[in-house]
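This report concerns only the one structure given below.
A, B, C and D label the chains in the order they appear, each numbered from 1.
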């Protein structure tokens, strides 16, 4: 539960989960989605089928608010897919809740759950509307659904492939009917999607932490441009697109994914710790204590501290009970020193030279606030070390980095930022350091990371409508 | 938010907060209680007065569920006290919510907020009932209220002193009328109660973390056996009892208090880290990684790792979204490996010799579960180190340690416990190690810790009715 | 569900229900309370016992909001009592919810449910507080509980009798312990309380409509000054007081009770119809249609119409969906003609001479509003006929008639009222007409009605504190 | 709030309301929908526009549950339309809530609110799906939206007309864009739709009772086959279809509409009273009292009683507090005589020959239950008179009469029904009596009623898919 009104965090967009051939399919999906809750807290939904009929439930709220025992027991069937979503608020929200369910003229009931963001959603939508399509939501998922519905291909598999080939952007996708599950990833593999096995039951999840929670074993990643077709007889894999060079979103390692997940085979906590080690190597500093901004920067801070031989301390404490209905202190009270979710620990930082590790700087307001908090608690020096390069470009693939003009690093030098946040020193990780620290074991030419938000090299086309759609946002 | 049906954690009972002479008294109390939320999640309440009339609101739930902006704005007045409570569920719960408010024949409206537990509540209650008292709740606080109401002393101050002198047990107490605030601590100072200043406004809190959140400065502890009388003219201090040797609950350091709080002048995170250091010194072990059971054991684990020169890793991850309505996995699913709120990180522990630091062992079921989880994730060895001595005796002062017979250490040796939880080795901290690691700077004859749950040396009388009341519990 | 902010209706205070010796005691109490819902919509509660232990649930809201199947199933036991309450809103409300449950020094658990109002509650309360009593609620019921708790009588029966003899006012009372039910009515029998049988199980209810709903047979009234003692062996009746001349509240017939109830043996619908007949006889008028203000005046309107030979029509329609959360139209919209819960039927009243029957006039604002509404809908003449005498005095026995000065008839003549409400003619029923129309079959010297709100002849003493308490109200 | 699990009532499907050019458009729509609440209790919604942008809110629940002051204030704009819906329960319900909002390729935002039912919805839907349409709901309204979206006509007006010409069935329709309101009724005028004026602001409503509530004046009916086009300049009327002979649903008079509404110029209460008069003329009976099944049969019972010269009494009382969460008595308790929402008044019916007036018999179970209830309360004879002919055929125009085989009159004679319900005598109104009693003043060849549920003469085509869709229902 993030209070985005105050902290300028990055926002992830979604998580998907699916399981086939298990008597407790919906229950296991519930636990899977619960493990993916950090990827989306706005709405949750599960669709289950017994091979004949869909049962489903979707609502606004956290997984454990949306479902209760009674609802879950009603979702009978041995196949299920689920979704958690992060998004904006308002009336239209529930219609954006996934999985999206509709009736297809030839295959009957069909459910879609996606994670990611399309670059050309707006232009596809306009084209479809001009052909008479009626859109009920603002989600990209409905664009995919309409493309599938309109396809004149003879089979669902071909219709889906045709639809996917019209998409530009990032997506990890589950499509369920009463007899088939289709699983796909975009040609660049921007969003993670892993496959596991729970006994004989295939399982799919945006992150592997959901496998651990239900006791499933990791099998492999869904590949860029791959379309898996699973039915009650077995699984086939086809390619709907030539795979491009893989470009896994580097922010999954830096910030989004849970530390216990492996993204594309690399453990996130371990990768973050290496980011911290590398950050020390690139930008060492004399200090008394190292502290991380909880929770996402803890791993990097541990790594930095170990490499530096400086004690790692809990210099910043997060209140675990900041929920959606938390009353933000008024400006007046904030000026008087009323804190919200983070507190600095006086006895830990007082009179000390503090290294504060954070994963990223978006607008800079949070960093300034934390630096001030540490100084107010008596820190003698505050050295900020960021375990990623400066974010200079908007993301079009599902990370809500806001408009470019709001990114402090888009038009300020590192030293300007240092001054603005009030730090004694400030260093960012280099792109090279980032890539090496993530430490892809099977590094090769077809496998890399998306670094577009740092360097503007978008792995896909980015048309004007996408930029305009983004800039048009509040 | 703890799921006590599955994990056998210790439970704290309450937190109190008060502020006098600030135009935003209720709002600041809200933020203060929010910082004390970990001390009680069952109910919350605030009473405010403008010197003429009480305005109050109490309800079941977390602080940010109980209050909204509208309610908070209605709590006008420049004095306020508040309370968070942990307790059992059921119909009677709201009548146990505090502050308790009643009408006193001579002083008018009166509100009480207490943290602690009386040893002789049951016998006092029976005596009062035989005199015709009508009890509406099962809380000790009402016993105190009834004693005050029945006192024939000429002043409130004397009536309260007379009432307190009949109590045996642990309590930190705030009593508010429209013109006076009384603040008291039991003669042994078992529960913490600190005083701070926000500008000219005196502030009281169960923990100092609430001072940091509102920007107040720490002043001093309320002393054992002290009764503070504050009114609009100033503050006086009297003694209602000869102070006994101070016996601060050692579990405040080990487990309950927030890491950023100072209990009796000692920072909790720092003390815990020293517990970890001492634990290593007492029970070293060859290993590859050190991990703590989140969140309470993280500090001790960091200390252990630093002392041992073994890397500290996030080997266990806690799901932050386990709320009250979380659906526990059925026995059937649990046996199939469905986890709840904790996950082991395979890539961190696989093939490794793991030191797992926890703060205490109550019934042993949680420890067994976590050890199993680590082994299932591939840990080669699991060495459990507990940053406190074995709990062998029930607590009568406000910690819900359950009945003695349920405490695994009450009738098992350390090696038996080791076998039961399936660890390769198990060590507890010694009592001496505990005391030295907490590291009371101003250690002297009148200042010590309550260690009764470890050694049975209760600082107060413990009569039979208290034992029976405890043993009679489910 | 009444919207008291707009309509100035009289308000009833409570309903009680009890049943002994039936395996579905709590369920039947639920249906009984549901039938009594019109007597109180603020809170509801049920206490059940199996002879060993109480199970109970009380909460704010309507009966079907307070209870669900799960809660009801938890209220096991073959004895149960229940309560519905009408009252003011606010924090203190739940502590006023009944049945009140407390622990008695010698008899153990004890529950009280009362309907009525004490005249001397305030002075009793002050006396008890000066002796050290702690009050948690503002309800009269707690005064009774405290008196019972303080009694030094050897048996519960004697303690209750002693307590009741200190009360002045109106009350119908159920007191439950694990082995006894005590049932009492005040010496004047102001509030109704009937006894029925469901097979072998004795049943008590404020109104007989609750008997019909559960299929029980009516047996008799509880008598003024009678104390019934029921236990698992049988029932005894004693007198705790010399019975005064019975004085049943006449407003039970005029307005409060459900038309299908028999109050003191007389059916309410039938009595109301006779009120309408008598009203025509006393104040005939030439007209085209007769209409009643729904729902309480329908019966009287039918009687008037039949006696007059004028068609009875639905000239005023009530919206059934006006719930607690209904948004009242702003003054601005009201002035533009936006109605709330009542509408006049144009086609029925247009161009007609309309007789509008209502049961009473309190402040006159409602009557003026309805007369205006009828005229706006085209009524040529509006003749108002009220099926009760003018209310000139406050009630101290449980009817919220407001302060005297707010009663329009306390300082206005009938003709002045007529002018104020804008009617062409206005007549009230005479006191004699009221008594004769209610038509007590067994009329005799010891049986009559309370007419105090019409003529100020209060059947009990009314001390100054009661008047002050009432006048002090908002 | 109807408890359909127990009573076999007819169910209405919807109500629509709209207002143009009033600063309080959304508030007035709230009051209008509130007056139409009896037409649909499942969901409610309002769309408002200021000429530039839509603001809307829709949710499951009653009007006063769905909206609060804050939500209502957010619906700014001087044009608004609203909808109340009755329907089935379940996940899909909210997606069926209206007004349906979508984005049209050329006209931008578009909202639809409809009352009625299409006969050919299923076949239109299949055809649209085969062309790639994606349906999100099961409502007919979405079929209309998709037809409009797909039309290639140059203007919205022509696109709507083209769409309407493909529909077979009953509909009253409001279509809102940011600059236009389109209003239409099906060629047979099966569902009512009236136009009024509030000052200069045109108002549309399913029933005229909504005009009274907001103080608007009735202007005229929307005509069969008429399409009104309103914009900020004025109103035009075109015909999208040749009007057929008008066939107003006769059940609007018999049961659905509020007594204070005028349907097609005839007041409903007055019409119902005439049904009662005619019923007496057709089927007189010697009796002591006449009673109606509340609330819908009260008017007819009054008419019968007046014509017969037999007293009209409240022999059956309805509990006003039967809400959605009411716990139905178990079969076991029902057999023991526990009633639900209706009670018979013993003192009124005991020893009497009772005429019980009801508006219709669907499955017969309710009638049997009420007859039994009256006999149990002591009625000597029970003569049932139904103010409509026997329902023998399913309705395809929006009334949920269930499948034909469940209609008791579809395969039982009147005397068989009489035996099944246990009445001493039973009579239905004749079709001729029904038509004459409704008493259309401007009766002529182009104006009549739909009597299809009585005689099977459907005013439109009824294709097989409609019959199958209906018969396929649970």
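By definition in this document, a residue touches a chain if its C-beta (ideal position, glycine included) is under 8 Å from a C-beta of that chain, and two chains touch if they have at least 3 such contacts.
In UniProt terms the chains read A, B, C, D = Amidophosphoribosyltransferase.
What you see is a predicted model; the values in this text were computed from it and never measured.
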**Complete:** If chain centres are mean C-alpha positions, then the most distant from chain D is chain B
**Fill in**
Between the Cα centroids of chain C and chain D the separation in whole angstrom comes to 36
**Item:** Euclidean distance of C-alpha centroids - chain A vs chain C, Å
**Value:** 60
**Request:** Determine the shape of the graph in which chains are vertices and touching pairs are edges (line, ring, star, complete, other).
**Result:** ring
**Asked** Taking the complex as given, what residues does chain A use to touch chain B?
**Response** 1, 24, 27-28, 30-31, 34-35, 37-38, 41, 62-65, 67-69, 72, 209, 212-215, 258-260, 262, 267, 269-270, 273, 295, 298-299, 302, 306, 311-314, 317, 319-323, 325-327, 329-330, 332-333, 336-339, 343-348, 377
**In the complex, chain D residues that touch chain A** = 56-58, 91, 94-95, 102-105, 126, 129-136, 142, 145-146, 149-151
